[in-house]
C-alpha cells in the first residue's frame, strides 16, 4: 500500500465535491481515510477536508490522484527526489535523507521506485546503471554516489500491524513475564515451519546464555532439522559451546551436575587455545577434536554464520571477525534473505541485527530480562515481539511444538 | 551441635596445656576449632589460644567443658539466662533478647534448653508450667510473661551449610538466571518426595502469576498427587484462579488463546461477587459452581490454606483473613510442621513466610525477577535457594521430575 | 466533556444531511469527530457516517442530540440505567456494572448524573434520599442498596491526555531510566506548589527505602514546609524511621557512616517495643522519647496518615491498622480530596492507592525499579508518570526546585 | 605479601616443634596462620598441623622457609616454573598457565619474580633479554616465546580486602539500591583527589546514558578540573555527545525541555556525517564546528581516549577503532598507569576494561541496573564496588564532594 494526502477546501460539502472525490477514489479501487474535517459554521464559510488516499501500488496511486485533481481539489502533489553527488568517500552530502527500517519508495522522473536493501540509519543511493535505489551505510559511500537529499519525493509505508499480517497475534500487548507463553511459542513454531518451507531464511541471533543455561543441545536439534539457516553470534557463544564440547563445562561449571570444575575458570581459554592451534573451528572438527555442540552442528550442516568480535572477547576464536565494519557487512549480506529472526539472550547482537533488518521481517526476542525486549521494541522494529522467559524451557517447548522433542 | 568458646592463656604450648586440652576434647567425643592463636615472641612471653568446642548436645558440651576447666584454662563459662516479667500486654521488657530464625538454646538452672517455635524477631518466653522456652511475637506477650533479657545464657547454632545437610548442592552460588536449572529441579523433586514420605509437610506460597502464566493446572496436579499439604496465598491468587475456573480468563485474558476477552477486566470482580453470594469458596464448590482450579483442588483434597488479606485486595473472597495479625497467627500455626517450602512468584507472602520459618527448613524461591530471591536470601534464611526462572516451565519440569507429567 | 455517538445512513452526502447535522452540532457549541464514513459506490448506493458528538455537560449534549435527531438521522439514543436492589450484604446483584477509575456519568430519568467517589472495581449505588450516584466497594454493600446493572445508561469519560491538562508534558513516553529528569522534577514541583495553594491535598505514599536511602530528612523538610498533607505507608516505613530517630541506624546500618552497628539488626524490634511501651507514636513524642524523623514531623505538623498493616510486619506499631478492609476505608476517606499523589519506593501501597484514586488525579511514581512504575501505569491510571530514579537524589532535587534546599 | 604453606607432622606439640616453628616465623618478621590442626588421640598418636607462612617479599619468605625447614618439618617447597616455547604464532603451548587479575609471582632459578602487566586470561611469557615475566594475551604470542606451563612455581596473592587498603569501606556488602550513597560518593571523591595528586591516572569508562540523562556537562567539569586522565567509550557516547553539542538533542530529544525534536531521530546520523566530513573530531573542533561537550573537552584538555567499535555502531566516527583487537591493545596500553577507574552506565566497555585491569586497581561501577554491577563483581574484580544509582545525580553529587559544583 502506498499513500498520498490530498486536501479539499471551499464549499466542498454542499457543492458535492467531497462526495465526488470519495466516489472517484472508490471507483478506482483505491481507499480513503478522512483525517481532518472542518465544516464552515455558516453557509458562507468554507469547509476543509484532509483525506489520505491509499492504493496498492505507486502507479495505481498516481492514476487516482491525477483523476481526483480534476475536481479542483488541491492535491498535495508529490515531486521527484533530489539527488546530490557525494563529495567525499564515507560522507553523505549535506541534508541527506536518513532512512528508517520501514519499506520506502522514492519518486524519480514521475515514477515511484521501491528502495532496495531497506535498513535503518542509511542514505539512499541511486544507481544510474541499473536504475535502482538502494540503502547504503555512510561508511560505504563513494565520492560521486548520487544520494537522496531532503524529504521530497520520499514515501515511507509502515508495516501493517493489523490482522492481514497476523504473524503474531499475541504481540499486541506489552512485554511481560506474567503472560502464558504457550500460545506465543505455538505461533513461533508455525512461523518457523512456514519460513522453512519458503525460500526465506531463519536467522538465530544468540548469546552465550544459550550454553550456560544448558540449551546447546536444543539449538543443535533445530539445526539438524533445518530450522536454522543463519547464525549471528559473538566469540562468547562459540567459546562456551566449544568449552562444553571439550570439557563438559560452561564458564567452568559442569553442565550435568551444576557444580564448578576445579580450575574450570581456565577451560574457556584452553578451549580457545585448542581451536587456535588447529587454525579454525572447521579444522578442529575435521581433525576430530570438536565432535559435538552448536558450532559443530553449524559447520556440519552448512549453516551460514557470522561471529562478530567485541572488545570484551578473549582470544578470539579464528573465525571471529574482529573488525566491526567487516562484521556488519557480513551480517548485512545475510539479512536480505531472512524471513524470520529468533534472538536469544544477547542485547548487543540483537540490537545490531535489529539495526540491519527491514521492519517487515518478524522478530522474536527471548530474554529473561524484560529490558532487552523493551530496548529492541523501542528502536522502531514494529514486528519485534519480546518474550520474557527462561531460555532453556523456551527452546524445549519450541522443539516440542515443532515435533522435535 | 552446640558450641562453647574457651580461651587458654600462658605458657600453654611448652607446658603442654594446649595439647592436653585438645586431647580431652577429642577423648570426650567432642570437636574443636582453633580460631585464634598468638604465640609469645620469646620464651618468657605468654601465648594465647581461643578454641571453639562443639558437642552434639548441650549436656555433652557441659561435660567436656567442665573437664577442660580443670586444666586451669580460662573457660568463657556460660551463665543462666536472665528472665524478666513483661509489665504490659504486647510489650517486651527493656533489653529483651531478639531472636533470629536459627536454632537457639538457652541455659536455665545450669542446663541447656532448646527454644521451641523458633522464629525471627520474637522474644523468648519461659513457661514455668511446662519448663519450656518458646519464641513469642511481641503482639502476643501478656503482662507477667517471663521473657529472656540480654545475651547471657543464649546460644545460637546456625544451620550447617556443609555436605551433611546437602539438600541442595546447587545452592552454593549466587542467584542467577544463567545457570542450568535441570539439576536444581531434580533435587527439588527429590526433596519433595522425601518430605511427602515423612511426617513433615510441604508448603506452597504462591502469587497470582501462577494463574497468569497458565500454570494453575500444574499446581492442581501437585495437589492431587499429594505434593502440597499447605497453601499460603493472598486474595489475588484465589481470585484469578476462580476467574479462570468461571470464565476461562486471567486478568481478563483468555488463557488458551492469550487474547483479551471483551469486558474481561470485570471478570475478577464478577468472580469475587459470585463467591461472596455463596458465602464461601467451599460453599460455591458444594453448590457445583466452582468445579476446577487450584482452590477447588485445595478444598477437595483437604489441603490446609491461609489466604491473607492485603490493602490492594478487591472484595475480598470470604475465606480471606483481612486482619494481618490473625493471618500471621494462622500462618504461624502451620509453619511448625513444614519440612519444605516452595515459594512461587510472590514477594509479600514469601517474605512474610520467611520471617516465620525456622532457618533449618529448606526453602526454594522461584521468581523470574532475581530481586525477589535476593531479597529473601538477604533476610538470613540460609536454606533459601533462589531459582530465577519462568513459573510455568518450572512447574512443568517439576511435574516431569516427579513422574506426574 | 460527555460524548454520544450518532449514525447517519442514506443519501446523506448529496442530500446535504451530513452537512446540516455537522452545522447544527457546531451551532450549538458542541464538537464532533467523524469516526467512520462509507460512501456509496454508485449514486444509488446509500452512504453511512458514524459521528461522535461531544458537549461540555450532559444537559448540553441532550439538547444538541435532540436537535440532530430532527434531521432524521438515526441517533443511538441513551437509555436510563437499570437499578437492581442488592439481596445480601456484601454482594452485588447479578450483572452489576463494574467501575473503572475514569469519570463516569449515569442517565437516570432522562438526565445525566456524575458518579461520586469514582474508584476502580466498585459498583454504582443510587441513594434515593440525596438523588446521588456513588461508587461503593463490594464489601460495603447492604441488602436493599440500589445498584446499577448492565452498561445501559452509563457513560465513561476518559481523562484527556492532551495539552489542555498539560500537567506533565514529559509523561508522553514510556518509563525509562535513560531520560533527563530535571524537567520532570521541575514540573512536579510546579504541580505541588499549585496544589498546595489550592484546596486539594498532596498525598505521599512511601516505602521504607525512603529511610534506608538516607532521605528521611528530605521528607521532613517537605512536611515542615506544608508540601505533604496526607501520608500513606506501612509499618515498615514508620519502624525504620523511628529506628533511625532512636538509634541512628536503618536496618541496623548507621546512616551517616554506612556501616552496620553491632546488634543493629535488633534495633527495629527494639524501636517497635519502645513505642508499644508508650502506647502510640504520639505518646512517645509527647513523652519526649521520639524527637526527630518523618513520623515525628507528621504528628507535630498535623499531617493525616494511614499506616496499613501487612502480613510481613513485625510488631506492629500501635497506630498500624491491621485489618486491611479498615485500612482501605481509612485510605478511601482521604483520597477524595487528593489533588496530587507522590508515590515513592513502595509497590504494595502504590498499587493499593492507585486502585482507590480517580483517574484524573495526577500521580508520580518514583522507583529505581522500572517494573513498579510499569505495573502502576498498566492498571489504567493514565495520569501516572513513572520516574525511574534513585529516591534520595530525587527528593534532594525536588527540595531544590521548591526552594527548600 | 607472599605466602607459602608448610606442614608439620609427628609429635609436634609435646616435642615443642610447633612452638619453635611459630617462634621462628615471628622472629624473622613473618606471620603465620594455622589452617588445620589434628591432634593425636592418644599420647602415641602423631599430630599434624598445616601452617601458612606469610612474608613481605619473596626473598624474606625464602629465608624464613629455609630456617623452618631445619626443624625437620616437612615444608611444601616451591619449585621453579616450567617454561615451554610456543610453537605457533597466536597459540599458547599445551598446559599453559592461565592468569587471573590478581598479583602473581613466579619462581625462576630459585627466586621469585613479580609478573608484569597483570591481566586476566593471559599467558605468562619470560623475556630472556630483560629477565622479566609478563602477561601476554593469546593473540600476541609469537612462535618461540617462552610461556609458563602448569601451576608449579606460580604464586597468586589476592588483593587484601581488609582495613589496610580501606579505599572503600562501604564496599563490604552486596550491591543494593537501598543504601545511602552519600558516604560512598564522599569516599570516591577522596580517592579521586588522592589519585589526581599521585602519578597514577583516573580512567572514566562511560556509556551514552551519560549524555541521555543530561550529565555531559558534569563530565566536562571533571575533565576541566583534571579529574579524568583517560576515557574509554564507544561510538555511541561520542555520537550522542556531539549530537547534543550540534543540535541540543540526545537521541533526538531536546535535553533542556525533555521533548522530542521533529526529525530528531536523524540527528545522530547527521552528527556522524558532519564529523566524517571534517575527517575527525579533532578537525571539527579546530574548524570551530564542535565547540562544547565531552569529546570537545577531552581533546582540548589532552585527555587520552579510546573509542572502541562495536557491531551496533552507526557510522562510525573517524576516531573509532573498528578492529576490536586493536582497540583492546589501545586500552591495554592505558590501563597500566590507572590508579582508579570510574565506570558509568556501560556493560560492554566496563566488562572489557575489567578484563584488562589488575585486581588491585579500585573500580567503582555506577549503574541504575543492579545486574551490571553484579556482573562485573562476579568476574573476580574484588576491588569493584557497585553503586546502584542514577547517573545524573551521582555525578552532580560527586562534583559537589570535589568542590566543583
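The first chain written gets the first letter, and so on, giving A, B, C and D; residue counts start at 1 in each chain.
Note that a contact is a pair of C-beta atoms (placed from the backbone, for glycine too) under 8 Å apart; a residue touches a chain by one contact, two chains touch by 3 or more.
Model, not experiment: these values are computed from the prediction.
> When every step has to jump to a touching chain, what is the lowest number of steps that links subunit A to subunit C?
1
> Which one of the chains is farthest from subunit A, going by Cα centres?
Most remote chain from subunit A, centroid-wise, comes out as B.
> Could you work out how far the Cα centre of subunit B sits from that of subunit D, in whole Å?
Each chain reduced to its C-alpha mean, subunit B and subunit D end up 40 Å apart.
> Approximately how many whole Å separate the CA-defined centres of subunit C and subunit D?
49
> Return the distance between the CA-based centres of subunit B and subunit C, expressed in whole Å.
About 37 Å separates the centre of subunit B from that of subunit C.
> Could you tell me which residues belong to subunit C and also touch two or more other chains?
Within subunit C, residues 369, 371 contact more than one other chain.
> Within their complex, state which residues of subunit B touch subunit C.
Subunit B reaches subunit C through residues 88, 90-92, 96, 98, 121, 137-139, 265-266, 268-270, 272-273, 276-277, 308-316, 322-325, 327-328, 331, 347-349, 351-352, 355, 369, 371.
> Considering only the defined contacts, which subunit A positions touch subunit C in the complex?
13-14, 16, 18-19, 22-23, 26-27, 34, 37, 39, 41, 174, 370-371, 374, 378
> Residues of subunit A touching subunit B in their complex?
Going by the criterion above, the answer is residues 169-170, 173, 177-184, 209, 212-214, 250, 253, 255-260, 368-369, 388-390, 392-394, 396-397.
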